[in-house]
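Look at the two complexes coming up: chain A is in both, with chain B in one and chain C in the other.
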Partner chain A sequence: MPVSLKSRPEPPDRPMLENAMPPPLLSDRHAATAARLPGSGLAWLGDLRGQALASYRAEGLPTRKLEAWRKTPLDHLAGLDLAPAELTAPPAVDTLPPWQRELVQGPSIVFVNGHHHPGLSRLSGLPDGVLIDSLAHLLEHRPALIEAHIGRLATPKGHALAALNAAFMGDGLVVRLPAGIRLDQPLHLINIAAPGAGAIAIQPRHLVILEAGAAMTLVESHTGLGDTAYFANAVTEISLAPKARLRHIKAQLETPAATHLASVTVSLGEDALYDAFTLNSGALLARQETYVDITGRQGEARVNGVYLAAAGQQQDNVTRIVHDTTDSLSRQNFRGVIDAGGKGVFQGKILVKRHAQRTDGHQLNRVLLLAPGARIDAKPELEIYADDVKCSHGATAGELDEDALFYLCARGIPPAAARRMLTEAFAGEAVNEIADQTLRQSFMALVRSWLDTRFGAPA
Partner chain B sequence: MAADIETVEQVQSVGADYKYGFVTDIEVELAPKGLNEDIIRFISAKKSEPEWLLAWRLKAFRHWLTMEEPNWAKVGYPPIDYQDAYYYAAPKTTDGPKSLDEVDPKLLETYEKLGIPLREQEFLAGVAVDAVFDSVSVATTYKAKLEEQGIIFCPISEAVANYPELVKKYLGSIVPYSDNFFATLNSAVFTDGSFVYIPKGVRCPMELSTYFRINQANTGQFERTLIVADEGAYVSYLEGCTAPMRDENQLHAAVVELIAHDDAEIKYSTVQNWYPGDEEGRGGIYNFVTKRGACRGRNSKIAWTQVETGSAITWKYPSCILQGDNSVGEFYSVAITNNRQQADTGTKMIHIGKNTTSRIVSKGIAAGRSDSTYRGLVRMQAGATNARNHTQCDSLLIGDQSGAHTVPYIESTNPSARVEHEATTSRISDDQLFYCRARGLTSEEAVSLIVNGFCREVLQTLPMEFAVEAQKLVGISLEGSVG
Partner chain C sequence: MALLEISGLRAAVDGKEILTGLDLAIDPGEVHAIMGPNGSGKSTLSHILAGRDGYEVLSGTVRYDGADLLALSADERARAGIFLAFQYPVELPGVTGMNFLKTALNVARTSRGESEMDAMDFLKFVRARAAKLGIDDDMLRRFVNVGFSGGEKKRFEILQMAVLEPRLAILDETDSGLDIDALKVVAEGVNAMRGPDRGLLIITHYQRLLDYIVPDHVHVLANGRIAASGGKELALELEEKGYARFLEVAA
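Presenting the complex of A and B:
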């Protein structure tokens, strides 16, 4: 199904009249799903979903009247007849796409259309006490555990997409590591969308809870099958206790018919580390929102990413790092490569609260525009209320450095190969933020295969 | 550093209070309070305006009624009652002054207190001054000498009468009547301001200057400045502002339009020192100003320099539209907030033509319980081949109750255009203070020295006349913020 993001011209500066249409995803068949979602017998969950639904009904999908969505149209979603994937039986997917199979060595958990797929998942040999399971399963068997964590960090108020997700959440990954446990191998969360004939909406909810001193690496990969449109609206809540360390690496290679919206909300305890890297190269429209609240002293947040946009694609990155305590540190390093007809959006914020003295925050967003018709809208933001801080940000946009190109060409490298080499190095500077060498190489390979489609394979 | 000794003396002499907070008691003619079409007709009639200008004002007013006050800036203030203000206040005289001798001596005294003795300036300083007192221009000095070269420098109301074609051609061409809430209000009720026209190939031989003062209680000031530099012309224009101390807030919603044709250059410098309110945030000016310049011609240049130390609230984004190929836009800003002041200021650089370049240097200093925000836009349009921008925003926090924020927007659709943005936030380090104190400076002097160093890049771009004043202001504005 051909879908275009340009369904409406840029909005004027002044707000437009309210749209009288009801928000998408609220047709009768969606409303009827509530009673059949996993855990529908639980009163507290019913309340949570009910409030979220009311909140979404009131707000609707974000429009470009909202500052955070000025550059990101969602109008195309209204034109899709999205069926709730939560209630349809997952289609028969019996093999994983090769790139996903090869991305990581280690345990894996697979979700097809947001449903846990035990047949493809590999979860043996985990240390005692480690809980890795599906949300749907736990809602049935250990609802108290879920009740204690779900909806605590990603609150629906003022966040229509989190509300929409909360209204329909039924499945997803739940990880809980007991104190002091370290997983040696990364856990691979594999997401496959297989919409079949009709467009679907997938609303996964993931929970990651690391108790004191626990450590692991979570690798997420996303892809889709076929060319039917689908809408993935994932919400992840991550709670890191003191000295916990989570490395969260994500590859988003959805199909060109996909709209991929993901928000990650992290609460960071004392001396804890959240180290994230996201590669966005798939989907018609992808938006990665990362919200980190550093509440523990000496907490450390690293949020990095590479975004690659080809013709017709839009890649968004939204970050908000809140320094809510003393002596915390944050680093952000983003690289965007935008081709003709592609669009990148970066909205990054460092917020330092009044009492957050001795904060050290840095943010960098650099974008390469490969050809005329490429577009970047960046808004790196600092909001600072404490005086004893070191905070800075930098942002650049432009083409490859001519001197560097000349240097390579002067040494006999053909211009096309030189451009490719420099572009690869440009993106590589953010990929290098991935601490694990094997993963770094796997992700660099994904960047290279994108470059192959743009520049042709290297000679 | 001489300026710092002077600063200290000045601080002592004014007792750290707002130096310009006196009221001049002169007879004033006021239009009735409130805002409606009759008031606009009254203003227009008072100024003996032609029909087209009244029609333009009314069009703006009707449009304004449909608009909402913007709320995106990081400033907070109670709702403004636009009906509870006077939109016209003029010193009572029969006709416009023919020469300085006819100007009310009390007015001249006021300006002397402000440090701009018009006579002295006319004869000695060589700066031509157009002084705007509440709503009307009081006198324009040095006019005759400028006329010899064909330069027009006069109150805009006079320009409407004497050069209607020029005014009609350019008024609203950069900031249209429908531009934004405050500019539209200004279009409806503007009462005076300066008009400058520099003919082809003329380099204005002296700095032109306007001094704005809000004197009357309960008035708003809505001046409108229009500067046109024809082909190859050059002009440097200075603007200064003060107001008396009052407990209530007063609105200042000005519009400035600059037009630079081929090879022309306009340098616009502002030292804004409106009354900032007292330590608890009572009173002070709401400074909601729209300033925009268009580099229409090839190789043209517009440079904005601003030193913003006053006003309770500042909402101001002097901008450049870089249409002509090779045109240059510059923005140098120092914004100092203390006590409860709020400043949301920055610039827009819209690159349209080829090889256009822009440079932004913004220094924000927040002390006391104030908030200072840099908000800016750099846009590279598809045709802006080989355009360049460099932006440097630095914020300095003094004390742990203030806030400094940076909100840049960067939009590029041309790969060959290069945009670079850097921003930092820090405070005056104990080491720096200790170093100065160890050499015998008081902490006040030390802060003034360090902050002046922090702002030097911007202050250096000011014309001499303002640079000295600005350096002193930096010291005075931060009085009481340390120790």
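Presenting the complex of A and C:
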């Protein structure tokens, strides 16, 4: 069905002046794409996508008029002439970038432009009953399974980007671990953007379902090839049943032409653990949104990260941890390193509902400003309605400690190497939140290669 | 040739003259002690020798091994063999003691044209020195000075000295904050470093440390200059009679 300005639903409160505005980004490309999306014959999915599209059209791409987007401009996307990445015709990518190949040992599933690439994926030797597959494949073969889970946690209403993703979703990773199953090795979700001549929008939808007592580590890596612009808008829905444990470790090293928006929504059952770490060092603009609802008693959420912003880059982190039950725990430890001309945004929230007694929540965002002209906007928030809680937050921003620098120099370490050493140590204190030693070392190596670019080789 | 030769050194902090014409010469193999009351310029002297920013040298010269020391940056001085044991060692969160020692040692070695020490040799090298100072592997795995007691901090300073093997070591109030047992351990560590090629400059307020590290020469620093020099007996006299007469003379 062709889309025109006239068919666009108009919210009643919108001023007349804005009626002349063009349709929101990508919405006019939906009609031409919809029929080719995986699962296009499924009525329920057609409804889901259609409702999402309507919701997105009504809200439009977030603008800086919204409190949550006040510091995060998306205006540049309008100038890109974005086309939806074709899920039916993936580009020829026949090797993995070395850093992704070496990041972690274990099974891997590769997505190129959001499209599953079986040739590069390695998924052998998994325990019986474990489902690791692509969304596109499952929409063809087991649509009922997908119908039961997709869109349940990441709802379009009030989340324009989740709505945009839902309107175009067709592929992504689906993981389901049966009760009690533990994966010994991490699963590596490899994302490669390979735009050709024209700018593309990549909108993967990932589902992770861990049944009672299941446990795994999901490592996510993101990169791109070439210098054409692209827009990644990923949505991940994670459902953790009682006593399930998911460690979710992500490395975002997109190209400087990329806009990387990712939201993760987690539902946490009784005594379940969600333990996340995100390294954001790539992209022109990156935004990691993590929403955790702790609905099961003694649920535990750990959301940590390191963000590194060089000149011209912006790195955002948005968290919202909802304590919706008694005796739950959350920890957030973020560290940002920002260079001249770089920008960071941290919006972290802990919400403790009235009945969520004995909540233990802590949030920390510490930022190192490497040079004049580095910028951080931090908005830590505690919203507490229960009366028996232990909650705190902290936010700091500053330069390297002059006394520490002198101490290192007084031991013969040249000033540039000393600055590098202290910066590495600063970021390392958040990298140390990664429980697995091998992964910790891999991620520390990624931080070091960023430091190599900024400071030169270590002493 | 003197290892260190300070002549007529005048220096100011925030426009206020702290050192007012200081002369001092240390030959290789000698242990010198500088004693003085608070505010006499002891810490200013140690910081200027180590190359800390924020001090303005008004006149005078400092020659180390015959060369102009003040022309070198702090890290160049350290690599040339000058070591300052800090009065207040600095916490380095995220930097383990082992990594810190290894980096400092390898920087010194490569600057001398030597190869970096391999990991196993380094471990042996450090452990042997650490053991003498009562420092175990656990402490070496901790972040430098973070959560260390006063005694641990000072012992770790001495370990750094033992690892870096400087030609001139300056100990700035190394006795402050130490109980008698820690003081003995630290003193033994310092005494083990005495040798014919090495100079030691011990800066202290109290004579107590000098019972354990016996100096060849003692100087009284008062109002920014050396007010008197003598042998080890001068330290005992100061302990007994205080600094008053030097302050009067200097004023």
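The criterion applied here is as follows: the second predicted complex is superposed on the first by the 428 of 459 C-alpha atoms of A that agree within 3 Å, B and C clash if a C-alpha of one lies under 4 Å from a C-alpha of the other, contacts with A are read in each partner's own complex, and residues count from 1 in each chain.
Keep in mind that, in the parts below, a residue touches a chain if its C-beta (ideal position, glycine included) is under 8 Å from a C-beta of that chain, and two chains touch if they have at least 3 such contacts.
Just so it is clear, the model here is predicted, and its values are computed rather than measured.
**Q** Please tell me, clash or fit, for chain B and chain C sharing chain A in the overlay.
**A** fit
**Q** Is A:Lys353 contacted by the first partner chain B, the second partner chain C, both or neither?
**A** Touch status of A:Lys353: no partner.
**Q** Tell me the contact category for A:Leu370 with respect to chain B and chain C: first, second, both or neither.
**A** The answer is first: A:Leu370 touches chain B but not chain C.
**Q** Just chain B (first), just chain C (second), both, or neither: which does A:Pro415 touch?
**A** Once the two structures are laid over each other on A, A:Pro415 reaches chain C alone.
**Q** After the superposition on A, what does A:Arg440 contact: first (chain B), second (chain C), both or neither?
**A** A:Arg440 contacts neither chain B nor chain C.
**Q** Kindly classify A:Asp403 by the partners it touches after superposition: chain B alone (first), chain C alone (second), both, or neither?
**A** A:Asp403 sits against chain C, while chain B stays out of touch.
**Q** After lining up the shared chain so the two structures overlap, which partner does A:Glu424 touch, if you call chain B first and chain C second: first, second, both or neither?
**A** So A:Glu424 only meets chain C here.
**Q** Counting residues of chain A touched by each partner, does chain B or chain C come out ahead?
**A** Tallying touched residues of chain A, the top partner is B.
**Q** Can you work out, in whole Å, how close the C-alpha atoms of chain B and chain C get once everything is superposed?
**A** 15
**Q** Name, in rising order, each residue of chain A that touches chain B in their complex.
**A** Touch residues, chain A against chain B: 13-15, 67, 354, 357, 367, 369-399.
**Q** Can you check the complex and tell me which residues of chain C touch chain A?
**A** 50-53, 73-75, 78-79, 83-84, 86, 89-95, 100, 103-104, 106-108, 111, 143, 160, 164
**Q** Contact residues on chain A for chain C in the complex?
**A** Within the complex, chain A contacts chain C at residues 401, 403-404, 406-415, 417-418, 421-422, 424-426, 428-429, 458-459.
**Q** Flag every residue of chain B that touches chain A in the complex, lowest number first.
**A** Residue list for chain B touching chain A: 67-68, 72, 180, 380, 382, 395, 397-427.
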